[in-house]
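The two complexes that follow have chain A in common; it is paired with chain B in the first and with chain C in the second.
Let's look at the complex of A and B:
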């Protein structure tokens, strides 16, 4: 009997051990999947050859010195940062009040508004991009305004994909805030506007920062929708990379991507100093 | 109905569609009095408090403070200081900023704000914590910040929603005493909500026992314990044996199983009634007992629990009764299971309720 239970315990231990091994292996695979492409890109950016070949004939940092030669590097990065910043700001202005209304108020059509605000997440970017393009052309023909390719249109289009993220993160944040804290403010004499400004918004800080971050990244890295809406004169950064790769495959493009990744990483680190990102995302 | 009540709640009703959370609640509170709303969860006590605070809009009724109706005012105009169950401290503000929030909303002069802050910090002994954030404080300290935040605005009425329920058991008593002292010292009129009977008994000047949205009884601790108005009160406050039976003559109560009890009082009513008896007021009948034996029962179980022996007694033909006999004093030996004993009680210890649940008075013997 004792022997039987002993071997059962060993079996249980064995099962536990193999479960741990499987989980560990899966984690290694997942981490590799995420980091290997990044590491490979960084590795390629120091290849000496003009065409990426493996193994390289030597190593050089000279590609980083030639960043300015990357076609439209400055313009593309500038457009991307400008569009992402504007789309983030505008989607916060729309999404934060909308999420407060969705969570704290009850009004007819609340469910519908919720669905409408989140629905762009469920539509492929290509579909949105194509739809917008067709619409813009029609409007352009009738109004004779130069809409396609303007920054304003690009920003408005990006709002479609950034606002759902803002609403989603702010709603999640608001739901877990203790409602009685706002009641306490009212109880102490704060009218509704004051409660919102002095209590609700400060308490939402983490959610708002997370929302801004997501909105910025979603806008910055968008390709599929943006493809339909740019003009040859103004392109965004991811599209400039794509276009470059159509004709050439040298380490310059890798170094450009490394620089871009570093910029975003620095941005995240800076935000993390003020709001612990591990807490909000 | 006194005319000079400081706070009067009149016909207060809150209906959510077809369900009525609070139904026709009438409470009168004198200045400086602490009223505790007590009852099981879902009885409407918290809704009543939130109606007074203004977080819930009343369907009907008035909330009068010194004759002025507050029922239609928004919460931020009511001047009622509330202590929340979760404390509801502002997490992004320091202790001092939390306490002065209400004063800043009132746009008091800076010097006055500073003076009152010092005063309440002193009162709750939190002066060294003024610049900390709520998350850096213990539960007891957070509770004191919540209390002093409510006291700082010098509220017309202090509202306390389960103020002790988030504290460790060993802290509760001292915090309860502290709240009571502060409330008395400030001469504040207070309404408190709790589901905990001991807490209610210790803190209250008077109790309001609620059930199913209605007030069951308002009165002092003694009144609720000694003269419950209906079986619910008898059962909720302390313990009561509730025995269903029939009044067959002035002092005979017959159980459905046939057992007969001789009552201490005389009654004119007849028919089905419920008899309420406190386990500690029933005693085993001894030869030296003044009172006559009232019923013969069989010991079904006897458990020694320290302060008393907990007897479960069965009537012939069905029905049972709990009896608590104090240990030590009487020196009587514990009765064995199966033994037949007689029991008795004094006149004021029995309480009869009619089939409409209303208390039935005994005639003077």
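Let's look at the complex of A and C:
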């Protein structure tokens, strides 16, 4: 009897060990999948040869020096940062109030509006892009205004895909917040505007930072929708890399990407000092 | 009763601008697109006003197009499942970690999100392409020149590496919401770790699995850059095909029809799966 339970325990231990091994292996694969492409890109950016072949004949940093000769990438990065920043700001301006209304107020059609505001998340980007382009052309024909390819159109289009993220994250954040603090402020005589400004908004800080971060991400790396709205003059960074890769695959484009990654990583670290990202997301 | 009226007004002011943006730049374009999809394509004038279902019929009757839809769908399903299986352990570890490395770990998951799909595709080109690492290792072992690019494997790998961070972040936030004491209780009542996982953690994490799964599935159905760069000319998925129909063939009515087929497929599947999750969640 004792022997039987002993071997059962050993068997159970064996099962636990193999389960642990499987879980460990899954984690290694997951981490490899996320990091390998980035490490590989960084590695390729120092290859000496103009064509990517492994192993390289030597290593050089000269590709980074050549970046200045390709102002197109810099311009595209500028456009991307500008559009993403503007879309993030505007989507906070309209998304935060909307989420406060959705969580804190009761009005007819609230459920429907909630679905409507989140709906851009479920529509494929290529569909939104094509639809917007078609609409722009119709408006252009009627008004004779040059709209396609302008920064304003790009920002407005990105506003559509950033706003649902702001609403989603702020709603989730507001639901967790204690409503009684706002009620206390109101009972102590603070007018609604004051309650909103000095109580609700400061309490939402983490949610707003997370929302801003995600809004920026989805705008910055969007390809599917933006593809339909660019013009030769205004191109976003991911699309300029995509167009380059269509014809050439060399260490130069890898070094472009490494510079971009470094810029973004520094930005994230700076934000992390201010608000702990691991608590926010 | 007296409070109702001002509250309705405040609500309108607060939610109005966001609603206008969605109505004007999503609902209106979609309505227009629906109209376009009924028009007829003409070689010289490009588009003729009509009211015909022939664009949709062309799609569903041509095995090439239904094949592309099927490829897109299977890639999306496979990558979504793999994202779940691979993402869960990392998300769990991050959620339950107390160490100071945690915020570095979360940063490392967020960082790839900022870097975008083109860049990830670039990295995979260096690994899988001709002259890439796999090719070099294979050559050193005595094989001659292989390229794993331009295959469904390369596309699935690319999409997987792009979508994993989204899945991990969604799961992590849900797992953090699960009270650790519930697991401790299961543990002290004698449940083995696998049993604890299947009967306690997994059912409680189901809403997160649903949200994350849907998000990742939509991203995969929608993928443009990855199939374009890693799949090559012969591997077709819906988004690149739609773009080509629009930009190269100038066939806007057919592109609009493809857009609606893609959207309806995605919406039907996400609605069905969220219903499924909700039902299971209520049962528990």
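By definition in this document, the second predicted complex is superposed on the first by the 280 of 281 C-alpha atoms of A that agree within 3 Å, B and C clash if a C-alpha of one lies under 4 Å from a C-alpha of the other, contacts with A are read in each partner's own complex, and residues count from 1 in each chain.
Note that in this section contacts are C-beta pairs under 8 Å (C-beta built on N, C-alpha and C of every residue); 3 or more make two chains touch, one makes a residue touch a chain.
Quick caveat: nothing in here was measured; it's all calculated off a predicted structure.
When both complexes are superposed on chain A, chain B and chain C sit side by side without a clash.
Of the two partner chains placed around the shared chain by superposition, neither chain B nor chain C is touched by A:212.
Legend: residue contacts after superposition of the two complexes on their common chain; A:76 is shown touching neither chain B nor chain C.
In the superposed model, A:229 lies in contact with neither chain B nor chain C. Once the two structures are overlaid, the count of chain A residues touched is higher for C than for its counterpart among chain B and chain C.
By the document's definition of touching, neither partner reaches A:84: not chain B, not chain C. Aligning the two complexes via chain A yields an angle of 90° at the C-alpha centre of chain A, spanning the centres of chain B and chain C, rounded to a multiple of 10. When the two structures are aligned on the shared chain, A:268 is found in touch with chain C, with no touch to chain B.
Of all Cα pairs linking chain B with chain C in the superposition, the shortest spans 9 Å. In the three-chain superposition model, chain A touches both chain B and chain C at residues 192. Remark: chain A residues 12, 15-16, 19, 23-24, 26-27, 29-31, 33-41, 43-44, 51-55, 93-95, 97-98, 100-102, 105-108, 113, 116-117, 119-128, 130-135, 138, 156-157, 159-160, 163, 167, 192, 213, 217, 220-221, 223-224, 227-228, 237-238, 241-242, 245-246, 249, 253-254, 257, 260-261, 264-265, 268-269, 272, 276-278, 281 touch chain C in the complex.
The part of chain C that touches chain A in the complex is made up of residues 7-8, 10-15, 17-19, 21-23, 25-26, 28-30, 32-33, 36, 85-90, 93-94, 102-103, 105-127, 129, 131-133, 135-136, 157, 160-161, 164-165, 168-169, 172-173, 192-194, 214-215, 218, 221-225, 228-229, 238-239, 242-243, 246, 252, 255-256, 259-260, 262-263, 266-267, 270. Put simply, chain A touches chain B in their complex at residues 178, 180-181, 183-192, 194, 198-199, 202-203, 205.
Of all the residues in chain B, the ones that touch chain A in their complex are 53-55, 74-82, 84-86, 88-92, 101-102, 105-106, 149-150, 153.
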